[in-house]
Each structure stands twice: as C-alpha cells, then as structure tokens.
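Listed after this line are the structures, all set down as structure tokens.
Two complexes follow with chain A in common, the first pairing it with chain B and the second with chain C.
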Partner chain A sequence: MARISLFHIARKNLRRKLFRSTAIVASVMVVAGTLFAVTTVIESVERSLKRGTARLGADIMVVPAEAEAKAKTALLAGEPSIFYMDREVEEKVRRVRGVKRASSQVFLQSASYQCCDLANMLLIGFDPETDFTIMPWLSKELTRPLGTEEVIIGRGITAYTVGSKIRFYGKEFEVVGILEETGMDFIDNSVFMPYDALKKLAEESKKKKGVVPANLPVNKISTVLVQVDPEISARRVAIFIEHDVDGVKAIEAEQVIASVRRQLFILLRSILSVSLILWIMALLLIGVVFSMIVNERQREIGLLRAMGAKRRNIFQLIMTEATMLSLIGGILGIIGGGAFLYIFRGHIREALNIPYLWPSVGEYLVLIVLCITLSLITGVGAALYPAIRSMIMEPYNAIRRGE
Partner chain B sequence: MKKVLMVLGLSMLIMVLVIPSVYAAIGKGECYEVPQSPAAGVERAGVKFTKGVAYIQTHGGHVALVDLVTGKVARIPHGKDSDALTLSKDGKTLYVFSLDGYAKEIDLETGKQTDWIKLGKKHCGSNIAPDGTVWVSDMADGHVYVYDPKTHKLLDSFPVSKSICGITFSKDGKKAYISDMPGGFISIVDVKTKKVIGKIEGVGNFIHRARLNPQGTEIWQSEGNELKGGKPYGVGYAEAGGAPGGVVVVDAKTGKVKDFIITGGNPHDVDFTPDGRFALAAVRQVPEQDDSGIVVIDTKTKRVVKVYSACKKCHGALGVVIPEEKDGGRPFLCGIDIDWNRKGFPKKAIDLEQ
Partner chain C sequence: MDAIIEVKDLTKTYRVGSDVIKAVDNVSFTVQRGDFLSILGHSGSGKTTLLSLIGGLTKPDSGTVIIDGTDIWAISDDELSELRNRKINFIYQFASLVPTLNVIENVLLPTAFSREKTDPYEYAIELLKMLKIDDKVNSYPAQLSGGQQRRVAIARAFINRPQIILADEPTGDLDEETEAEVMEFFQKMNRENQITFIMVTHNSALAKLTNRVYRMARGRLQIENG
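Up next, the complex of A and B:
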C-alpha cells in the first residue's frame, strides 16, 4: 500500500477549497509583486546612477551658471541641451585649489531630420590631450588615438555597430567603439569625437550645399569635467570653483545622485507605505482563513490523531498548506511584478525621468530570494497560531466538536 | 579788589572740591555710565549706556534694533526667518543668514539690500573671521560656510560636528570656538587648517551662540532652558526640574566651566561692551515679562543689572500679530551684535520705530 505523504494531504486539502486557496495565493501575490516591482525600480535607478557617474568619470561638472537646470536635465533625463561658456574657464578651473584634472567638452546637437543624418543627437567633442573620461576607455578598447573621422557611440544608439558609417551635417564618420550601457541617456544616446573633429565638421557643414550649417561657437566650451584631489572633498572643490571662477556652476556627481535618491524616495515612500498596509492585511487575512480552516476541520484533525497521527504531523500539515500557498503566491507575485515592469518599462522610465538600468542577474536573484522569503514569512507567520491550536486538540473532543 | 580776589578764590575752591566729586559720582566707560553712591567707589546697581544700538536677528523676517540709550526699538525687514547676523567691523553693513541657508547684506547707511544668495541649509550663528571672511554655522549639516563679503560669494565649507551654532574666535585669531547645540560641547577649530583640534565638553544642555569676552579669557555661552513651573516650556530645550536659562562662563585657557549666570528665559546670544564690563544677552521670553529682550549682566558681579524690551513694543503696542502656529505666537530673538559707536537708528534702513 502506498504511503500518503503530508504534502499529498495538504495538496488535496488546498484543491478541495479552491476559491479560498486562490484568495490566499492572490493576497500573497499582490504583496510579493508590489514589493518586487518597487525594489527592482529602486535597484535599477541606483545601479544606473552609479554606473553613469562612474562612466562620466568626473567628480564635478562645471557648466555656465544659467545652464545648471539644463545640465542636470541633460545628465539625468538625457535631453540634449546646448550651452556654452568661454574656453578660458577651463584654465581658470584648472588653477583652483583641489582640482587634480580638468578637461573641457563641447556639445553640439545634430541637425533635426535631414536625409541620411542621425537627427537630434548630442555630439560631444572632447580634448584628447586632457581628457580623462573617454581616453582611458579608448586606450583599453581601441589601443590607438581616435581619428578625425571616427566616433564612439553610446549603447543606446542601437542602429549602429562598430564599423558602421554614421552621418552628421553631411559628413560621414566611422563608429570605432561603443560605450557600455550606463542607463544615463546623456551618455547612452550621445556620440563622442575629438574636439578637432567636431570643429572640422562645423566648418565643412558651412561650405556644403543642402546641409544645415552646424552652429558651433568659436572658443567656447560647454562643460569642464573635474577630477578632485583625493585629499579634499568634491563639495569643497565645487565651492572653490564657484568662488574663483565667475559665472559658473559646479555640479557634484554625488549631489546629482543624492538629489535623485531624494526624488525617488519621496515617490516610493508612498508606494512602500501602501505595500506595508497590504502586507499587514494579507497577514491578518491568512491568519483568519487558517483559523477558519482549523475550526472547519476539527473532525478531520481528530480522526487523523485517532488513527495515529502525532501532534507534530498535524502541525506540519497546516504549515505545509500555508507554505505551499505562500510559495505559490510569492512566485506568482514575482512573475506578475516582473511582467508589469517589463510591459510598462517605457512608461516607468518616462514617468520617473531619471536614469534606469535593469539590475544584473545576481541582483535579480537576491531580490527574488528576498521576496520569496517575505512571502513565506507572511504565510507561515499567519498560520502559526492556528497550526499550534490544531496541534494541541484532543482527538476525542476534536471529533465531537467537528460533528 | 580784595572782594574780587575773594570771589575768585572761592570759585577756584568750589571748582577744585566740587567738580571732581561730582565727576567721581559717575563711573565712566566709553559707552556707559555707572552711577555711584556719594561715597566714592561704591557703585549703585544699574548702568546707563551713552551710545550703542543692538541688532538682533529674529524669526519674523526682520532684524530688531534696540537703541541702548533710549530703549526705543525699530526693525529692518529682510524677508526670511533667520537666526544668524553679524555686523561688519565698520558698522556699515549687516550680514544676515537665514534659516533656509541664504545670505544677504544690508547697507545700513543707504538701506539697500542685496539679493539672497544660497550658502548652506539652515544657518544658526555667524562671526567675522580674522581674515575678514564671515564664518556661518549650519545646524542642519554641521558645516561652517565661509562667506566672502568682498565677492559676495561662498568661499569655502568644512565640517565641524553635527548641529553647530555659535562661532567665536580667540583673541590671537588662531582658534575658533564652535558650539554644538544638542551635543552641549564646544569644538575648537584651527582657523588656518579648518580642522577640529579639540573639544570642550559638558558646557550645557542645549547651547546656542557664544562669545569670547574682550579680554580673551572667557567664553560666554548662551544656554537656553525655558521653564515654567519647573517644566520645559515653549520652544525651549530644558529638562524638567533643570536650571533656568542662562549664560555659562567657560575658562578659555583651561576649558573648564567657571560659572553659570541665570537670566531665565531662553538666552540665544551674548555680546559685550568694548571693555568687557557688561555682557548683553539676547533672551527669548524673559521671565515674567512675556517678552523677548536684552538682559544686561555686570561681568564683575555676575548680576543682571538691566533688561531691555525688544519685541513687546511692536508686537504688543502696535499689535503686530504673530500667528499661533509660528513659534507659539511669540516673538523669538536669536543672534545679537552691538554697534557701540552708533547713536540712534540707521534711519534709511529701518521701516518702523517705536
């Protein structure tokens, strides 16, 4: 005769009351799904900000004072913004106390749609002699200097690959490198080339017929990227720069991350509060349902005890049922939350208007394990009291009361 | 002729005997007079200031002015709730620092005010550093923000402790004493390196601004303990059954607390007469007066010798009402700086006088 396992009885019990089981699974699923989605969004933004600022490679970004808001929007939302200041700012910044390295960049927006050109793209010209953000990457990946007709593109420009030809203002460039994905549109959707190449492009565009001339001001730069001396904080150096150099704003990379964190925290705090309420409700609901289950099944429990089942077996039975329900709820919640994130990823990105990069596989695994653990705690915690109550029932009394 | 000589002689005698005794009946400083008993050398209680205008920062978006000669009050509106203020050495400019982290300069001669510029987060105290910059404390992030009055810009910022307020400099200008409010300690900062080099602990319960006396020997630290019936009251920081608010006197050399002078209320700052003979404490809610004011302390006897009303004349008599939700509907004083060379209010800067 085949042995009937606890798992088998529990499964039968759950199937017998399908609606009730489904309701419990659904409540755990909502909690797990919400938690999974929210934590994934937090993790994504954190990850992309860290990677983005690391890729930026600078502690401070110096921009014209009046362009502070534009620069922050460009950094965080990736909207191509154009602003200029005098080239001499770079030298002034370099002389400020605490500045270890400084390198300027010039921004130019590619012309709006024109045949065969890539439109509304941010073209970033950098100085290969002073640059410390693009060149180190190049020396590792390209092992040679960048030519005047070569460009590197961000990972977000998906239509091109290494070796592709790309046209701006009627001039063709070869893509020789693609930066790793950062989640920051400012980097992911930009095209990088040496300053001389950008200058040449602007000059040639003016001579070509049927090409919109590139409006690149002479002796102007858009930003100065600064690496600070490790002995001194970026915050102080930013203050020194703003004091010593007129008309500029020094934006600290850390400050940008902190402001996004604050922004995100306000938004997610309300969602997390709702999740907490949901969790408490689910806990209470499951507790009540299992209490009802134990009351309903007093006769069955009594009979099982009379047939030789130990107290421990009864406890295990209830707990197995709770574990199965919460595990199924947790898994379905993760699938549901994940599906929600995937389907609405575009909307989420748009609504947040901040860098967004999916977590790595390892981080996903940690999040999944956390969510399943929480689901189990919810189900098992809620069923604990009814399980103990069922365990201590006397068989005879249980059968009598059950009748 | 004899008669003439006799009259002259008598006049001379009167001049020699009476005038010095009349003169001796009044103890004189540069800016005050202390009445004395006819028996020379015995001072009477009280002091009469012969010049001086006190500028006191408030939570009402204006600086309160008290004419120390007449006791009249006036105000300079600047628009932001503030705690910190500092008067320039020449007495012509007032630097104000707001509770939302902004700085403004007020030209007392012309009444012109600069725009607010952002420095830190929540400013509490300020003082002029030996190099002419203004050090401004921030109670939100524990940093000192260095304001450059020449360029009207932020020059530097450095961390000190958690929630700092008072800043005062040693006589030689090498050290700064910076009070941490909830910590109840004073950090000693090397002015040159801007690094914390020491700490004076156990100064008080909830301390605010402090000032080194003109001799450079004592730090007078305001300690706000507002009590009513032995219980913490208002926006005070007292412990039930604790001592009422007062000024803690710390020996600058040894770092030991020497004395505690009870003023009552919630003292927030102290300034001195140039010779250090009197200390003037800005006190929120002076006991039994339902007013904020300036409490004058004789530094020799450590006794309160005079109290000026700073708020009631406007908020009481003129009926300038403070909404209940703001500081419990009561006027609050904070930092104080006194111009001992000024006689009368800077007319172009004030908008109200009472």
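Up next, the complex of A and C:
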C-alpha cells in the first residue's frame, strides 16, 4: 500500500454510517429519477409532436366542421374516427388563396370480423397524383406507383414487414412500404392505400359471401391536407378556407401542437411542482446531514489539521463525500427513472393520450448529463456550507469541542 | 545544540461567560534540538493549551512561537499546515484513531497531506514492529484495546519523520508495562533520531525520565530541574 488518498478516506467515511449515506443517496435518487422521468416524457412528447406534424406534411387539415373534435382526437390519440364530406371540397380548397398544394384522404375503419386481419384499423385512401404526405415518408423509397393490391403501413403495425400479406374485407394486400415512426398513432397505426384501391376493396366486399361489406360512401372524402404558400401564414389561409368553403373546419398543425403543449404543461406542472419540493427537501436533508457529519467529526477534523491537512484538504474531503453520494444517487435515479418509464411505458402513453416517441440516444445522453449535473449541484450545494464551516474551524477548538 | 523551539511571552486567554481565564500566562522558554523535556502540572493548569500553541493549533493572544527559525504565526495557514506535517506531530491522551480506517491506514494518514513521494509503507510496518503491534495491521480501532490504539497513534505520529513530538499525557491510561515500553520507544527515537520531545504529564515518575522538567500552574511555567 502506498500513500492513502483523500478519496480513499472519503469512501471509508461513507461506509461508516451506511444508513445515513443510503438516505442521502435515496433522496438524490428520488429527485434525479423524478426529473429524469418527467423530462424524458416532456422531451418524448415534444419530439413526437415535431416529428408527427412534420410527418403529417401538411400545414392545415381540412375536415367537416362538425368533426373537428373527432379529427383532433384521431390526430393526437390515434383513435380511428370516421367522418366524411363531399369530394368537391378538395377542389374548392385548392382554389383558396394561399393554398400551395392540397390532397384528399378518405378513412375507412376495418371490421372486427374474420374478414380483416387487423380489426378497427384505420384504412386511409389517398390520391397518389396529389399526395405529398405519404409517399415521401417511406422508410425505404418506392420508385414505382403503388398498385391496387398493395399497401403501405405505419411503423406501429409491427406484426407485418415489407412483403407480408395482409387481408382486409377478404382481399389480400401486399405490404410494400413502411412509414417512418412518428409517435402519432394516427399515422403509426394506419394502413395506407391509393383511393382507387380502397374504392375497389369496398365494392368487392359487397359481392363476397361471408364478408361484412365495407361501408365507404361514394364521392366522399374525410380530409383535405393543405400545404400553404410560404409567403402567407397558415392562420390566414385557414381563415380563407373556412370563409370560402362552407361546412368545413381548417385545423392548423401548429395550433394542435400548441394545444397539446398546453395540455401537457397542465399535466406536468403538478409533477414538476412535486419535483421542486422534493429537490428543496433533498437539499435541506443533505445540508442537515452534512452539518451533523461535520459536528460529529469535529475532533477528527481537528486531528487531521494537526497532522498537516490544509483547510482545502478538509473542504475537499467533505465535498468528495458529497459528490460521491450525489453521483451514486444521480446514477441510481436515472436507472430507476428509466426503469419506471420502461415498465410503465404503456400506461404512460395511455394516460397522456397524446403522441409519444422515445427520445433518441443523443437526447437521452443530454437528459442523463442534465440529471447527473442536477444531482451533483444538489449534493455539492447542500454540503457547501458544512464543508466551509469545517474548513475554517480552528484545529484546537475542533479537537476540544469534539471531546 | 541549536534551538528548535523558541517560545517568547506567550499568552492565551479564554472567556467563560463573564470570566477571563488566562490559560497560558506570559510563558517564555527555549528547547534545543534533540531535547526531551516534560511539563508537569494539574488538570486545567494550561499544559494542553501550551502544547497547542507550540504546535500551531491555536493562535496566542500575544507572544511568538519560533519553530526551527520560522515564526509560526507570521506564515500563512497553508504554510503552517505544511510545517506541522513535516516537522511536528502530536500524541494525545484520548483515542485519536479514525474509526473507519484500519491500523495501517491510520498510521499512513499523515502522508495523505504530505508532498513526499517516497513510499511510507515499509517505515509504517517498521514503526508498528517497534511498538509490537505489527500483527494488527489490518484490524480496525474498535477491534483493539486502549493500549493497542495508543501504540498505533504513536506510530502514526512518527510516520512523517517529524523533528518535534508534542505528547499530551501519552501514557495516561496505559498499564505500567505498556507505559514503560512506550517511554523506552520515545527515548530510543529521541536518542537515535534526534527527535525533540515535549511531553505533558502529571506523573512525576515519568517526568524524571526526561532531560528537563518544567512545572505549570495557573498558566505560568517554571523550570523544576535540568
């Protein structure tokens, strides 16, 4: 054994009062874990909203006026909702000032009978001629037009891969493409096919025996997705659409994001308040515990000073102990918070009822660094005053008071 | 011989409520290098305070302490700490081991604050052998008797090869046999390594084993013999 280091002394000191050390670690862990879980959820929702709306590819979604709430629910919660309006709306929208591109889609819900491999699934028919929201988001580019017996599926339909066969209303389709993940169930859990294919499917279903007929109204569409001219705001174009086209509601993507953010903020504000209270409590607890440690170890500190320890050595010793506990607490908190998110991921998605996409590795790293930093600030900040107090004690007084 | 400790007009007072107690009252004396002196006195006579003043653990109200040519209260706190680490060490009358460190770690503790780069382990073992406690190298203080703990604390005091040992009742609660062994060790270190000793005691028999004996009463120091 060579010389012993301050780190070695600190490590052994922490083992002296295992319960106390564990209590500090646990308090930092709770703060770090809560913060990690909450920020991960916030980051996830933000990410999926950004990606989802980008993926939606449209600035405005035009739906029947009475279906506004249903459409928003479909967009955010991914619950299949069916609503229709006249096909001529598409052309009317296209003529509105500020509309750069417009493409219609029609929704059909798959039946919960044997005729369909996937029940209650949103089948979305789109127009390949005008589409600007589906084909550009294939994870692998499709260089040819989509056939009438081919479909594209969202990333959430995990049971199928490219080349798999999938059956709706007794008709088999081949999966030829998978869309990139968005976190929005509306996109991730839907099946996309050309409008003509959907129409043909509905017509054929009526002739097949033992198959529930697909109830797709003729010359109807569910929505018109609009890309606005960059020189004019989406808000203004939405107003123009609602003014020029009767019986429709123009939902702005940005507005949807803002409403989700508001909804999320209300939900998470209480959690963040609790986190803040926990953080203050942890700060106080660690501060009190380290004050107790310094009081208990006055004689020891005096003896170390008598042996030649400088003031900064004493400060470093206390701060090393605080750093070690905070770091362990922070790491365990992140592991705990991560495990919580993983175990309850389904419940969290369900409870939030908003788009949810796990952060990327890079974003996770940022969150981890943030939580570790906060843990260190908590422990080190709380131990700062006791450490300074122990550092400035006169050695003789420290030895005498400790007796 | 040259002076290693020069104490001049040293005074230290304490305030207890409205009373002012003179723990050390205008004390002056000089200690030569390699000297072994003892200070006799009753409890509360100011012996421990005087040792602490000499060792730079508490600041005097007035007077100077010069260690090996350095006025210890004229240098910075860091320099004083370094001086303590290199030149002075203390042996206390109470259990002074760090409970979380084992015997060898306790002995090596002062080296954690030293600038020396040499490996002190061999010397630590040698000291423990001299003090007949080398079979307890990995034991913790709680596993040792009072006498064994004191021997470890003594070994620790010598690990940085100090020039001065300030011992405050070093054999206070030891049995006669251990006391004799410890005194023999001190005399050996004093003789062979020219280490200067100032030993505070209330045991006259023990004081007689030293070169010079001082007596302290009510903060004042008087030479008794030597």
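By our rule, the second predicted complex is superposed on the first by the 396 of 403 C-alpha atoms of A that agree within 3 Å, B and C clash if a C-alpha of one lies under 4 Å from a C-alpha of the other, contacts with A are read in each partner's own complex, and residues count from 1 in each chain.
The rule we apply is simple: contacts are C-beta pairs under 8 Å (C-beta built on N, C-alpha and C of every residue); 3 or more make two chains touch, one makes a residue touch a chain.
For clarity, every value in this text was computed on a predicted model and none was experimentally measured.
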### Task
Have a look at chain B and chain C on chain A after the superposition and call it: clash or fit.
fit
### Task
Identify the partner contact of A:Asn313: answer first if only chain B is touched, second if only chain C is, both if each is, neither if none is.
second
### Query
Which of the two partners, first being chain B and second being chain C, lies in contact with A:Arg236: first, second, both, or neither?
first
### Message
Tell me the contact category for A:Phe344 with respect to chain B and chain C: first, second, both or neither.
### Response
neither
### Query
Who touches more of chain A, chain B or chain C?
C
### Query
After lining up the shared chain so the two structures overlap, which partner does A:Phe265 touch, if you call chain B first and chain C second: first, second, both or neither?
neither
### chain B, chain C and vertex chain A (Cα centres) - angle in steps of 10°
110
### Task
Name the contact category of A:Tyr385: first (chain B only), second (chain C only), both, or neither.
neither
### Least C-alpha distance (whole Å) that remains between chain C and chain B when both complexes are overlaid
55
### Query
Which bits of chain A are touching chain C when the two form their complex?
1-6, 8-9, 12-13, 15-16, 299-300, 302-313, 394-397, 399, 403
## Note on the structure
chain C contacts chain A in the complex at 49, 52, 55, 57-59, 77-78, 81-82, 84-86, 89-90, 92, 94, 96, 98-101, 104-105, 108-114, 119-121, 156, 160
### chain A residues touching chain B - in the complex, by the definition given at the top
235-236, 239-240, 242-243
### Query
In their complex, what parts of chain B are in touch with chain A?
148, 151, 153-158
